[in-house]
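Listed next: structures, encoded as structure tokens.
Note that subunit A is present in both complexes that follow, paired respectively with subunit B and with subunit C.
Showing the complex of A and B:
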């Protein structure tokens, strides 16, 4: 589903001394099937932005069009439930939302709320648990007996079980170990490709953005600070550093290499594989093998 | 969603009321709660109203903000007003509709009780709005200090209170976060049949309980790690200072009390 955000502004706690603008005049277009990364500091408005995408927050002014559905200021939207089925959100530390007696029941919770039958939901629970890489044996166990990483996976399975068309991920790998991070991100990426999802990833990690995103939006103080393809964004290192961000480690490495050797290097590559190939080319030029 | 709750909320500011010693504010509010019940005619209610109004102006807390905090109480005020207006008989008959009779005394009594409630809520909220929770507990601990002699765990009590106050906003935030997560999974908290809505609270309450217990455990651990051993021999970083303004506040309260005694009928 295409997502079009027009002149979105959001204020918190209107009419109190604590009133503040969280988002100001956001204009964004996310084409169906895009993997979008939203980058920015804590408090830059990332989380506020994504909560608008399934109506958890309503705009103070402006509109958000998700497919054929439009969310706008003040309108009491009766179809929010169908929207929420189509737009799944994996919140930060999603394991905090687990509550049911068994893992199976917890995963079934979403599908049941959206009108699936008991049998369908059970089937879904099994399928999703396998998808997130957990053994079926834990279906009947309490989610609170599991390890932190397993709880995270169960919670993610609970969101995926709703079969969303748009998947929103709010720092889904925060607090995981490096191996877990890669596994979870790979899982989302494969799902994104296989089911042709529209994915919005909120992250602090430039590396994740470089590896997976088709498009990057950099937020700063509630506004869109930069927007473009990873190539475009990473070519403006000064602009990123001005707001305390930086290019991914791979690009940093290439820049250092360039400085050290004085050889010009193709800077438009930033995934690990691409950098390896680029380096290889460079080394071969110098006569050494790799 | 839960933005309108102002219990235990503090509005930062530099007004005279903000800078007063929490002890004088606590004593005054405590006294005020009692003397509100002395008023029984227009003059005495006028005095209380004047005191409240001056306190609000001096505090510099925005009126709109106070009104927001008052709004939930207004329902109770209206209810008691209605109760008094219909139940109290006496004075001239003002209005009659079938068996419904409204007497002059009813209107007077109803307004008095409503004002009493409003004054109480306003003055007590001013205390929390202009005093940080830490100051309140510090003040309370010192005021209750003498009770330590009869083996009352005053320090522990104050600590419990400050922890409870400190975690109200955290808990509200957590509630909102989990509510949103469950709403994203299709729970509806605000619509649908009552039975469904009550059921909808289970996915909210279970995670809240679990995280509260976890947080309590972590807090206890962090306190022990930093060598917390209770109130014995503990010194304070910020020492409360009783100033001129505090004495004046207490004097005003005493004058108010005496006037109420003299002017009440």
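Showing the complex of A and C:
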């Protein structure tokens, strides 16, 4: 689903001495099927921005169009329920939002709310549990008896159970061990492709942004600071460092190597394998066995 | 090297009818070292941290901190003075209404007299470079700054050990760096022992010693150079290899004759430069 954000401004605590601008004049177009990464340091406005995408926050001025639905300032939006079905948000530490007695009931909650029958919701719970890589045997268990990594998967299954067309991920791998981190990101990436989703990933990991995103938006002080492909964004290290960010470790390595050799090398290799191949070719003078 | 903490045959379960989170763990923490503890989610790392200052008491075995036993209630305050923990969430640890009040909180608990308190607060806040923010309210601080205030609160008690329990995992890259650099300086300049429980392998490679936890057991300990060579063991423990090690291995596979896997980018660049 296309997302078009026009002149979006958001102020917190309007009319009080604490009033402050959290977002200012944001203009963004996210084409259907895009994997967008939003990066920026804490307080740059990333979370405020994504909360506008399913109407959790409403603009102070400006509009957000999600497909044919428009969220705008001041309007009482009757369409929010259907919007929330189409736009799923996985918040930070989503396992903190688990609440029901069993894993099955927890995942069924969303579909039931949106009008699915008991049988349909049950079926959905099974399907989603398999999708996130958990055994069906845990359906009848309490979500609170599971490990942290399993709880997070159950929470994610609950969001996916609503069949969203747009998936918003707010640092979905925070606190996970390195293996879990890769597994969860791969899960989202496969879903993105398989279900043709529009995905918005908020992340502190430049590596994840470089690996998965088609497009990156850099936020700073409530404004869009940079916007472009990973290649464009990560070719401007000075500009990123000026706002406390950096290029991914792959690019950092290539820059160090380039400094040492004095020979130019393509800096847009974002995966470890690409970097190894580029280095190998340079060392073997274009050898074919790389 | 002087032993600060010794963990002897420690097992721990939250409830009697539940499987043990820690099983027969034996470890020693030495004075002045930076010790990284890594392991998968649920491997028992954080439980171990809580056993080190008596927040939890072992189900079996003993934890001795500078001669004090965590299982003895009358020795607990001596232990808590010596071992401070910085937890994961910066917002859950700020108890004061300003930086000054927050650092004072712990001292009040220990009954430190006012004059002494003022000196200690100033000194602690200076060490974490937050002296410009003494009167700042918590919501005006970044996550990294809040964690530095938490560290100052510990420093004011003049501890010998600081434990970071995934203390940088909720911070952005900048906040992460400022916290690690603050603690690194305390470790190097003041000789404070640091135990860092972390998922950040790039941080762990800078430690003096690394302990790998898996399913409640310490399965390996050694210098980072040694521990991070064993890729199979690390992946089996739910971890990953540091970037430079992975790149070294990938280059070796492509027929680049690197003599070993390197831990840091700088070392790998030098090794490749020598080859070219």
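Convention: the second predicted complex is superposed on the first by the 285 of 290 C-alpha atoms of A that agree within 3 Å, B and C clash if a C-alpha of one lies under 4 Å from a C-alpha of the other, contacts with A are read in each partner's own complex, and residues count from 1 in each chain.
Basically, a contact is a pair of C-beta atoms (placed from the backbone, for glycine too) under 8 Å apart; a residue touches a chain by one contact, two chains touch by 3 or more.
Note that the coordinates shown come from a computational prediction; the quantities given were computed from them, not determined experimentally.
Contacts of A:12 after superposition: subunit B is touched, whereas subunit C is not reached. Shared-chain residue A:279: touches subunit C; no touch with subunit B.
Of the two partners subunit B and subunit C, it is C that touches the larger number of subunit A residues. Contacts of A:114 after superposition on the shared chain: subunit B is touched, whereas subunit C is not.
Of the two partner chains, subunit B is the only one that A:97 touches; subunit C does not reach it. By the touch criterion defined above, A:51 reaches subunit B but does not reach subunit C.
In the superposed model, A:159 makes contact with subunit B only, not with subunit C. Contacts of A:89 after superposition on the shared chain: subunit B is touched, whereas subunit C is not. Once chain A of one complex is fitted onto chain A of the other, the partner contacts of A:139 are absent, as it touches neither subunit B nor subunit C. Once the two complexes are overlaid on the shared chain, A:65 sits clear of subunit B and of subunit C alike. Residues common to the contacts of subunit A with subunit B and with subunit C across the two structures: none. By the touch criterion given at the top, residues 39-43, 88, 142-143, 166, 169-175, 199, 201-202, 235, 238-240, 243-244, 246-247, 250-251, 254-256, 265-266, 268-270, 272-273, 275-276 of subunit C touch subunit A in their complex.
The residues of subunit A lying in touch with subunit C in their complex are 41-43, 147-149, 174-182, 204, 206, 244-246, 249-250, 252-253, 256-257, 260-261, 272-273, 275-277, 279-280, 282-284, 289-290.
Only residues 12-13, 15-17, 51, 54, 56, 81, 84-85, 88-89, 91, 94, 96-100, 109-110, 113-114, 144, 158-159, 162 of subunit A touch subunit B when the two sit together in their complex.
Interface residues of subunit B facing subunit A in the complex, by the touch rule stated above, are 3, 11-12, 62, 64-65, 68, 177-178, 180-188, 202-203, 206-207, 210-211.
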